[in-house]
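I've put the structures underneath this note.
Presented sequentially are two complexes of subunit A, the first with subunit B as partner and the second with subunit C.
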Partner chain A sequence: MRNFRKILYVWLEERVPLQDIGHFFAKKRVPQHLHTLWYYLGGITLFLFCIQVVTGILLLLYYRPTAEGAFESVQFIMTQVRFGWLIRSIHSWCANLLILSAFVHMFSAFLMKAYRKPRELTWITGFFLLVLAMGFGFSGYLLPWNELAFFATRVGTDIAGVIPFAGKFLLTFLRGGDDVTGATLTRFFGFHVAVLPVLAMTFLALHLILIQIQGMSVPPSIEKSPKRKPDMPFFPNFVLRDIIGWLLALFLLTAMASLFPWELGRKADPFASAPVGIKPEWYFMFMFQTLKYIPSKILFLEGEVVGIFAFGLGAFLGLLIPFLDRRSARGEKSRLFTAIGIAVIAYIVVFTLLAVFVKAT
Partner chain B sequence: MAAVLYPIIDYILPPKVPEAAQSRVVAAKKGDLAPNTGRVFKFGSKPGILILTPQGEFRAFSATCTHLACTVQYRPDLGQIWCACHNGHYDLTGRNIAGPPPRPLERYQVDLRGGDIVVSKG
Partner chain C sequence: MRRFSFIVAMILLTAAFCFGVDTCVECHSQLSEKRVSAPVSGMREDVHGRLGLSCADCHGGDRTVGMKEADPSLAMNPAKGFLGVPKPAQVPRFCARCHASLEYMRKYNPTIPTDQYSQYLTSVHGQRNQKGDSKVATCVSCHGVHSIRPSTDTRSPVYHANVPQTCGKCHSDPEYMKGYGLPTDQLAQYKEGVHGELLLQKGDNPAPACNNCHGNHGAFPPGVSSISHACGQCHAKSSENFDQSPHRDAFAMLGLPQCAACHSNHKILRPTDDFLGLGKDAICSNCHDAQSKGGRAALAMRRLIENAKVKIGIADAVVTRAEKVGREVSDARFDITEAENSLVEARSMVHAFNTAKLQEVTTKGEVVCDQAIKLARAAMVDLTYKREMLGIFALIVLVTAIALYLKIRQIEERQKAKG
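After this line comes the complex of A and B, so read on.
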């Protein structure tokens, strides 16, 4: 066996620079300081994404992407396929944990000013990955073709339609027609299993390559500190700790999926009223709650348009943070941007809680 | 470049399905609704809502909320039409009275033909 491994290694080494790759990883080091714990979040997010790919492929083996068959095929997976309930529940729970992990990873990178020079592109690719993750969530949510998903998609695509100029095109493109129908389901399926994965893999590859080239960012205050601890080796020290994080995430995920299996709900009926208590997934709740407070008209504009524009502008500014925070770019303290970050986190948390706990009527 | 992109862009926009312009439909039969109740019915490919007021008058409206297109419902406890999605309220003339909806619901004409409740676009 050992002989075979050696032969294989030598064979590969003649064709691919394995030794150089090995040296690179052997030399890789990770800074150790007060905030090192936050470094694990990127890896956990990646791990959860891998689980989504695997469980997603498994679901693909039984799922039917048509209005006539989608709900029934998910019902079949949940009730007839052995461990189907577990695979589907893991996929649904993991989607939520993935987005939570991505948000926490992003905000920790933000507060540690990891976006400052030379890591602007890492921030930008990461931002796109978050948007793609929410796109995965939005498109995947419709696939069981249940009541909640049907109306959530109608509302979400209607919001897209509110955008000036491009709105009608975007709405028709997303829906595959004027309204949410089986055509929408087929289209969302295509986005979810083909278009978004290709985009996600591309941005993920860029994101990871940049991190390998540039190494881990250290918060400015610690970077300048004379009493820094020595860096830890990536392999095996950081990797082993990383694996603990992944196992904890896996444990949490399987516990949630087993104890709280994801519901199926009722099959979508385009001619039924929107059910009482309808609400989007938690990661859209803060926007949903904000829109409830906006009056129907602000000056001459519809309230919706103002709200969507504000969110769009906020996201655009978020994308450009590395170029807006001049002080961090110069390696100086940037209290204003720290305050902005904390305010945004507080807004998201408070409005999400309001949406969950405040009754509709 | 344009020769490659144009067919692709044209492809991704769905073909227009010519809709038979439905202008009139039998929404329900007399006796289907009790006073102070409502029900959603099909008006072509869109939902409509038929209400029998406490005073015994039939009224019909488009059931598509003018806010973000959720399907509304009748609330007997409020005597109003209500949208569950974002808490929009309409009165029994279809007027938007509370919440985010920016415009009233389109009102339809209701006629009684024998035992049929016929709804048509005004």
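After this line comes the complex of A and C, so read on.
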């Protein structure tokens, strides 16, 4: 057996620089400090993404992306397929935990100024990954073709429709027609299982390669501190800790799926009136709630248009943060951007809570 | 003016003769007096005109002469069968010349009824018409004249949904109806009732109009003892149950008009379960009090109906809950539909006024409700078991994480010791 392993190793070594890779990981070290805990969020997000890929492929074996069959196929998965209920419940819960974990990962990176030179591209790829994750969430939400998802998608795509000039095109492109129909479902399915995965895999690969090349970022306040703890070895210390993070994520995921099994709801009826209290998924709620508070007219502009433009601009500035925060780039303290980060977190949390707890009028 | 009309008529008659066309149509269509020209324009839409019939086919006369002679009186010659405009008393017979003849009518429609005239003679309208009452309805009062459309045409005054308004044209006019001793609020009442609401507001065409209860050509108010048969045309089961009920003979003895005694005649309100029992809106309490046998029966029947509703509500809630979490409970849902059908049957059975019979029906519904609840609960138990197993797995994961943490500490202590 040992002989066989040796032969295999030698065979591979002749083709792949295994020794160099091994050497790289043996030598690789991870900074240790007060905020090391936040490093694990990236690993947890990646772990949850892997779960999504596996459970998504399993769901794909039975799911039918048509208005006539989607709801019934998900019901079939949940009732007739062995462990189908578990796969579906895990996939739905994991989607939410993944986005939560990605948000926390992004904001921790923001507050630790991990985006500063030379990690601008890591930030940009990560930013796109978060947007893609939200795209996964939006497209996946409609797929069970239930009442809530149907009307939430109608509201969501309606919002896209008010964008000046491109709105009408965008609305038709998203819906595959004037209204949310079976054509929208097929289209969202295409985005969810083909377009978005290809983009996500590309950005994920870039993101991971950049991290391996550049290593973990240390916050500027700690970087130059003389009392800094020595770095810990990547293997086994950091990897084992990372696995603890994955196990805790798995625990949370299974506990949620057990305590609050993901419901199927009622089949969508396009001719029925919209039920009361239609809300999007929680990660869109802060935007949804903001649009509710914006007056219908701001000067001569439509309030909703101004709101959407502001979100677009906010996202664009978020993407360009590494180039806007010049102080961090020079390795100096950047209190303004820390304050901006905290304000944005507070805004998202407060508006999400408002959307959840304030009753629809 | 008359002289001008005459000259025009002469020119047209000459032209019609030259081209071989219908002289009645050609001449009348050009006359300036609307009274004589309107029939021609109306005939373009008229079912008779569309089938190729012309003025002379009903009014007689000769549509081919009068041209050369430049004399309209030759075409409208009584000697050639010209009848002119029939008087109201003559109208039914006028139409019946063709419409009562199957030999003639089958040329146009082999399934058309030809008994309208004989029916009309038995109707209140027909009887009064025979006695010389020129105000009562004749064929043209309802079907129109010279622009008669088939009753399947939505523009026809006798199209099903237009019938109430057509009857109401005379029957809702107090001035016109003066002297007949009849109320004139039937149409208003009908509109307030469930039938009027369904037919006129919701466009539900199977809902009855006036003629469904009164008849059309043989229109007659249904007699006190035959009302349930009129209603039973649609409400067959309720009518059948009523005929087996103790109320049938009692109502007959008291001269009460069967169904209409409780539900009224024209203003038939949408029935609710509150009609049953001795409550504020209950109809039973009009005749029965709580101490009477009838009152006690009414209360008992109401209780049975309410219990059936509660049971269906519980079953529906349990099954809906199971459906929402994605359990396969289509059999249970089917049972609930069956229970709802039993409730409909029970509401109809109320008209038999027999508590024991009603209980048989409601029990049938309750049994299927119990079955539905059992199926849905079994599906939920299965889910609970799976959730518990998943919970145990989650705990195992947590324990593994803790064990791994302890292992890391052990490794790091060893690393420290090694320096």
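Operating definition for what follows: the second predicted complex is superposed on the first by the 361 of 361 C-alpha atoms of A that agree within 3 Å, B and C clash if a C-alpha of one lies under 4 Å from a C-alpha of the other, contacts with A are read in each partner's own complex, and residues count from 1 in each chain.
The rule is simple: contacts are C-beta pairs under 8 Å (C-beta built on N, C-alpha and C of every residue); 3 or more make two chains touch, one makes a residue touch a chain.
The model shown is predicted, which means the values in this text are computed figures rather than measured ones.
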item	value
Fit or clash between subunit C and subunit B when superposed on subunit A	clash
Touching partner for A:Gly177 - first (subunit B), second (subunit C), both, neither	first
First (subunit B), second (subunit C), both or neither touched by A:Ser258	second
Contacts of A:Ser296 with subunit B and subunit C, given as first, second, both or neither	first
First (subunit B), second (subunit C), both or neither touched by A:Ile278	first
Which superposed partner A:Leu250 touches (first subunit B, second subunit C, both, neither)	second
Subunit B versus subunit C as contact partner of A:Tyr9, first or second or both or neither	neither
Contacts of A:Ile159 with subunit B and subunit C, given as first, second, both or neither	first
Stretch of subunit B penetrating subunit C in the combined three-chain arrangement, among 6-14, 24-32, 42-50 or 96-104	24-32
Residues on subunit A lying within both footprints (that of subunit B and that of subunit C)	none
Residues of subunit B touching subunit A in the complex	12-14, 17, 40-42, 45-47, 63, 67-73, 82-87, 96, 99-102
Contact set on subunit A toward subunit C in their complex	74-75, 78-80, 85-86, 88, 236-237, 240-241, 243-244, 247-248, 250-251, 254-255, 257-259, 261, 263-266
Subunit A partner contacts - residues on subunit C that touch it in the complex	323-328, 383, 386-388, 390-391, 393-394, 397-398, 400-401, 404-405, 407-408, 411-412, 415
Contact footprint of subunit B on subunit A as seen in their complex	151, 154-155, 158-159, 169, 172-173, 175-177, 179, 183, 270-278, 288, 291-292, 294-297, 302-304, 360-361
